[in-house]
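One chain, chain A, links the two complexes that follow: it is found with chain B in the first and with chain C in the second.
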Partner chain A sequence: MATVSATARRPGPGGPGRYAVLLAYLVLAAVMLLPFLIVLGNAVKTPAEYSQNGPLALPEGIYLDGLRDFWERVDYGDKLLNSLLISGSVAVLAVVLSVLNAYALGIGRVKGRLWVLVLFLMANTLPQEALVYPLYFLAKQTGLYDTRISVIIVFTVVQTAFGTYLLSSVLSGFPREILEAARIDGANRWQVLWRVVVPVSRPTLSVLLVFFFIWTWNEFLIPLVFLVSNDNQTVSVALGVLQGQRLMDATMTSASAVLGVLPTVAFFLIFQRTLTRGVTVGAIK
Partner chain B sequence: MTPPASVTATPSPKTPGTPGGPDAPTGPGRSRPVRRQIPYALFLLPGGLLLLVVIIVPFLMNLALSFTEWEGVGEPRWVGADNYRELLGDAEFWASFRHNIAVTLAMAVIPTFLGLVLAAGLFDFIGKRFGPRTAAFLRACIYLPQVLPIAVAGIVWSWILAPDSGALNELLGLAGLESLQQDWLGDPGKALFSVMGVMVWVQVGFPLVIFMAGLQRVDPALYEAAEIDGASWWLRFRHITVPQIRPEIFVSLLWCTIASLKAFAFIYVLTKGGPGGATSVPSYYSFENFFDNTRVGYGAAVATVLALIIIALTVVFLRRQSSGEED
Partner chain C sequence: MVKVRKAAAVLAALATAATALAGCGGDSDSGGSGGKELRLWHYEGPDSAMGVAWNQAIKEFEATHPGVKVKFEEKGFEQIQKTAPMILNSKDAPDLMEYNKGNATAGLLSRQRLLTDLTPEVTKRGWDKLVPAGVQVTAKYDGKGVMGGDKWFGVPNYAEYVQVYYNKDLFDKHGVKVPTTFAELTAAMDQFVAKGVTPLTNAGAEYMAHQFVYQLALTRADRAWVDAYERYTGKVNFKDAAWTYGATTFADWVKKGYVAKNSVGAKAEDAGVGFISGKFPMMFSGSWWFGRVAAEAKFEWDTFVWPEAKMTLGSGGNLWVVPQGSKNKELAYDFIDITMKKGIQNALGNAGGIPVAADTAAITNPKAKKLIDNFNTLAASDGLAYYPDWPVPGFYDTWVSEVQKLMNGSASPDQVLGNIQKAYDSGLPK
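Showing the complex of A and B:
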């Protein structure tokens, strides 16, 4: 078995076979990226160039007026701050709530956990359009209407549904010996949660953080209804409203799409390193 | 092998007779006083209270609305179970469920399966041979469509799928395959398949990222041992990857199925339910009643029925998942 163990780190088809697999992945990646490139291409065309050559031709030059017009028309800077504030707060708060819920359900295995989980999942199973009228009424009653905090609260609860489910599924397979060892070392449940469970679950928590941020960023319906004043609006709402008014030509639509997507892409690229920098159970510190 | 750290290095000295009992008294050798532990249920309190205010109460209000006739302004008028009676006989509503089977296939089943194979390939093949950076780059590309607001995705895909000078038809023309050119979104026989294709494109990154994060948890020694035994990639996939990330597979399937039952946005931006209702789904129908026709009471009834169906599905699914875990 000497030869096998010598190549144990690189098994399976070697040589040209492995490049075939890589090539397949690269083709797939190109298919996934193509629509983005089309949008980017159109965002830097002049309207005249667009109507002459169509949406799929390569841009002849870099024309940034579409981007600038959109930026000024919607006060993009302010909208960006609102979106960052709302999505960032929701992402962090929803991760914390998910951890607390999942600790009770997945590790504590509280009585009737299946039904508790079903209740938490209702935040997602209920169609959002069904929530809009009642939430509007409640927000008016509590004086939270047209505040960013109202949207933060609503989406924290909505996003927690997924976090609670994913984390409690993952944690119900958590190695009992580790919990036992920590308990014998004198840690109480609160300490076990933050010093043992959370560090081990870090890759999954990063995934949740990224998902929550991006999902909240792209939410449209509830922010549209709740954030009526211009000062509180988010990027997605500004984008959707302008599109709905049909005041934009195709190049400006593309420009708005680029500005709408750029922050989430940047966020994903920054945070995607944390997705793999995992702590495996065998290497807890 | 990485040196095992403190927690796992010492196999836990289990107190006999208390197999993991949370409130079990500490062993006789310990001088620590027996403390009352916080009940686990207390950890549910903050989440539970917020859930009550933001979801449960509005759900009950929506339920009440479903027994009324209301245009969104003025006083709702009580009509009893009229909306539900109407819904039972509403052929359009029930027909739209049939399309949802296709949508569930495209948003849940295919992406989960594809995501599983792609994640295993990236983790156990690309990552090991071309380095983790290559794997991370490819993962980012495949995930990217998830970042795109659905409204923007709709615009781009309508450019690509346009019958005249759309990118797909141009491409087929260049390849000399004119016979395959189609009116992708306008032909009643093809529209549903085109929408399904776009859905797979959007959705596949979601399971991929969850699965790759789940694989971080798997002890690398398992893969190494399998490789030394000469197990092929497929064998490792079936006997290590799939069983180890079982929880994630369940989560992805259920979550995407729920999403597919609420998938009105895709339909809205790509086809508006057309041509001729060929791509209408129940959630689109509910949205139409709430906002286009402002029949809030009827929309509330549609949403309630849809929510109850999804909840029933969730319960069945979670039952299966937890019985699988106890094996």
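Showing the complex of A and C:
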């Protein structure tokens, strides 16, 4: 089913409406990109230039010291590795757990699954501010405070709650004929899951994986509270170092923002085809 | 399909490697180091006066304590602000850290018994003799965590106050005399307005706007008034002569154009950049801008204390605090001692900060010397009036939004002061 191509939906040639749509897209793209361009512009200004000309002026030259200073000041390489490690682990673990949960709820159709789903959804809508203190005491009790693994566990659970909710509804529409055919061929439950369900829903799983990765990457509050040592910190927490009590360093903050957003953009570009394919499959369903 | 599978496989491999690594990360090096390591946290940028001076202090500490390493971690202000109670209540507390002074911060932690009482060390090492009395107030707390108490829970290394920065070139260009009295100040602002120049830069969305109101009120107030407001030593009436004068005068200044009406949504950063880029002749703000103005302003500038003010906004700076869970308290005291010595204090002053115990003769930069001299005069005459947002939790936001209404003219000074009274009364400690 993943081979149902997007070509079927390509609009026909001609028509003046197309140019209007194109123009609208261009305007929309400009509006979306403008803030990024301003940040990028400020990232390559010297602090003095920023103070003289203000934030909206075009940079007079390319000044990369802000980027370099920030990199060295917070050991950005280490932070990048921490973020990659946390987000990567969470994405994979959460997808695996979501699949297992959703298999039971969506295909296994256990009793009371509706209530289980409602519970998961509620867990997902709880604000993180409310979770921070209980989680802090749990982490302290288990000796996991100030470790990366505590953040991985927390986010695996948080993301799994959403993943289970989404995947369960997707899998409950899974074609029964395929499952029955597999059973007749002598596959047990385990084999049905790994040989049939997972391969067929791979596009959806890939999308989930990408989303979990990016969501976890951008998380701020829980890493801020749990990752006390600078050695354990993630990129988003490291960006907070520049926010002083009364002063902000606008150029270096912009530089750090550029460094902070680059990995997610790179990640998105690499997995962009996966994303579009997954979304398309979902749409046809 | 193949591509996807490959990518997924790469990710999976990466993640398993990652989890393996994370397992190792479990036991971070937080264990006791037997007095061989001082874990130090602060949140001053490396180029700021404090950053420069304290870096020098780290080197000096390591030189005088062979075999001991300083493990310094630079933190964000927000991280410390949000998480200090949690960190200090765990075994991962640092040995020594910088912390925000005030009832809601250091005071609260002292009440929760998370900070070490430094009183014996302070008297033993003579720090109480170095720090001027007005600056000591924010370092000492009572049993309820209210500042001005009897026990030292922190040691201030620097101080800060608010003053007027002015652009000499703009004063010369428009033929305006630099004011020395309050009447001259308003006359000078009238002249600027007549020339189409807004005399004062301002930020309505942050601290700058309500600091004008407080400063104006202070010109009609005395020490007992400040203590009642900041330290709950008496009843506070926002409808009294001083507050009413402050609020009505500031509203009047907005009407007269001394302060731009459109600055109501501006941030302090915008206001500062406005001054540094030479658009405004004056900025009334804190000594925390000093280093930046010195580094970036391309015009002749200088500073003066608010004309005829006996009291102005200011206080001791942030504190060195020793967490109750510190594993190397002796080393922490030694480090504080080094930062209080003349060498580091002079370095702090020369870098544009206000040291609490410097030798002013050793300050070479004339502007920095003036900054410090003015502060010392204020401190000696008991002229530090703290900040208007200190007394009750959440007061900063109240001040910002009420003064914005004042600037917009959507509420009268009387209504604004009434609202502030309500927030003050309901926030008072029981």
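Heads up, the rule we're going with is that the second predicted complex is superposed on the first by the 252 of 285 C-alpha atoms of A that agree within 3 Å, B and C clash if a C-alpha of one lies under 4 Å from a C-alpha of the other, contacts with A are read in each partner's own complex, and residues count from 1 in each chain.
Operating definition for what follows: contacts are C-beta pairs under 8 Å (C-beta built on N, C-alpha and C of every residue); 3 or more make two chains touch, one makes a residue touch a chain.
What you see is a predicted model; the values in this text were computed from it and never measured.
Superimposing the complexes on chain A yields a three-chain arrangement in which chain B and chain C fit side by side.
Contacts of A:214 after superposition on the shared chain: chain B is touched, whereas chain C is not.
In the overlay built on the shared chain, the residue A:40 is in contact with neither chain B nor chain C. Taking chain B and chain C in turn and counting the residues of chain A each one touches, the greater count comes from B.
When both complexes are overlaid on chain A, the residue A:240 reaches chain B and chain C alike. By the touch criterion defined above, A:206 reaches both chain B and chain C. In the superposition on chain A, no contact is made by A:187 with either chain B or chain C. After superposing the two complexes on chain A, the angle subtended at the C-alpha centre of chain A by the centres of chain B and chain C comes to 90 degrees, rounded to the nearest 10. Once the two complexes are laid over each other on the shared chain, residue contacts for A:268 go to chain B alone; chain C is not touched. Applying the stated contact rule after C-alpha superposition, one finds that A:198 touches neither chain B nor chain C. Contact with both chain B and chain C is seen for A:54 once the two complexes are overlaid on the shared chain. Of all C-alpha pairs spanning chain B and chain C in the superposed arrangement, the closest lie 5 Å apart. Chain A uses residues 54-55, 203, 206, 240, 243, 273 to touch chain B in one structure and chain C in the other.
The part of chain B that touches chain A in the complex is made up of residues 2, 4-8, 10-14, 20, 22, 26-27, 30, 32, 35, 37-38, 40-44, 46-47, 50-51, 53-59, 61-62, 65, 72, 118, 121-122, 125-126, 128-130, 132, 134-153, 155-157, 159-160, 165, 167, 170, 201, 205, 209-210, 212-214, 216-221, 224, 227-228, 230, 232-233, 247-248, 250-251, 254-255, 258, 262, 283, 286-287, 290-291, 296, 299-300, 303-304, 306-307, 310-311, 314-315, 318-319, 321-322, 325.
Interface residues of chain C facing chain A in the complex, by the touch rule stated above, are 1, 3-5, 7-8, 11-12, 14-16, 18-19, 21-23, 25-26, 28, 30, 43-46, 73-79, 82-83, 86-87, 89-92, 100, 207, 268-269, 272-273, 276-278, 286, 288-289, 292, 295-298, 318.
On chain A, the positions that touch chain C within their shared complex are 2, 47-48, 50-55, 73-74, 84-86, 88-89, 91-93, 136, 140, 144-149, 152, 202-203, 206, 209, 224-225, 228-232, 237, 240-250, 270-271, 273-274, 277. Of all residues in chain A, those touching chain B in their complex are 1, 4-5, 8-12, 18, 21-22, 25-26, 28-29, 31-36, 38-39, 54-56, 97-98, 100-101, 103-105, 107-110, 114, 116-135, 137-138, 153-154, 156-158, 160, 162, 164-166, 169-170, 172-173, 176-182, 184, 186, 188-190, 193, 196, 203-204, 206-207, 210-211, 214, 218, 220, 236, 239-240, 243, 253, 257, 260-261, 264-265, 268-269, 272-273, 275-276, 278-285.
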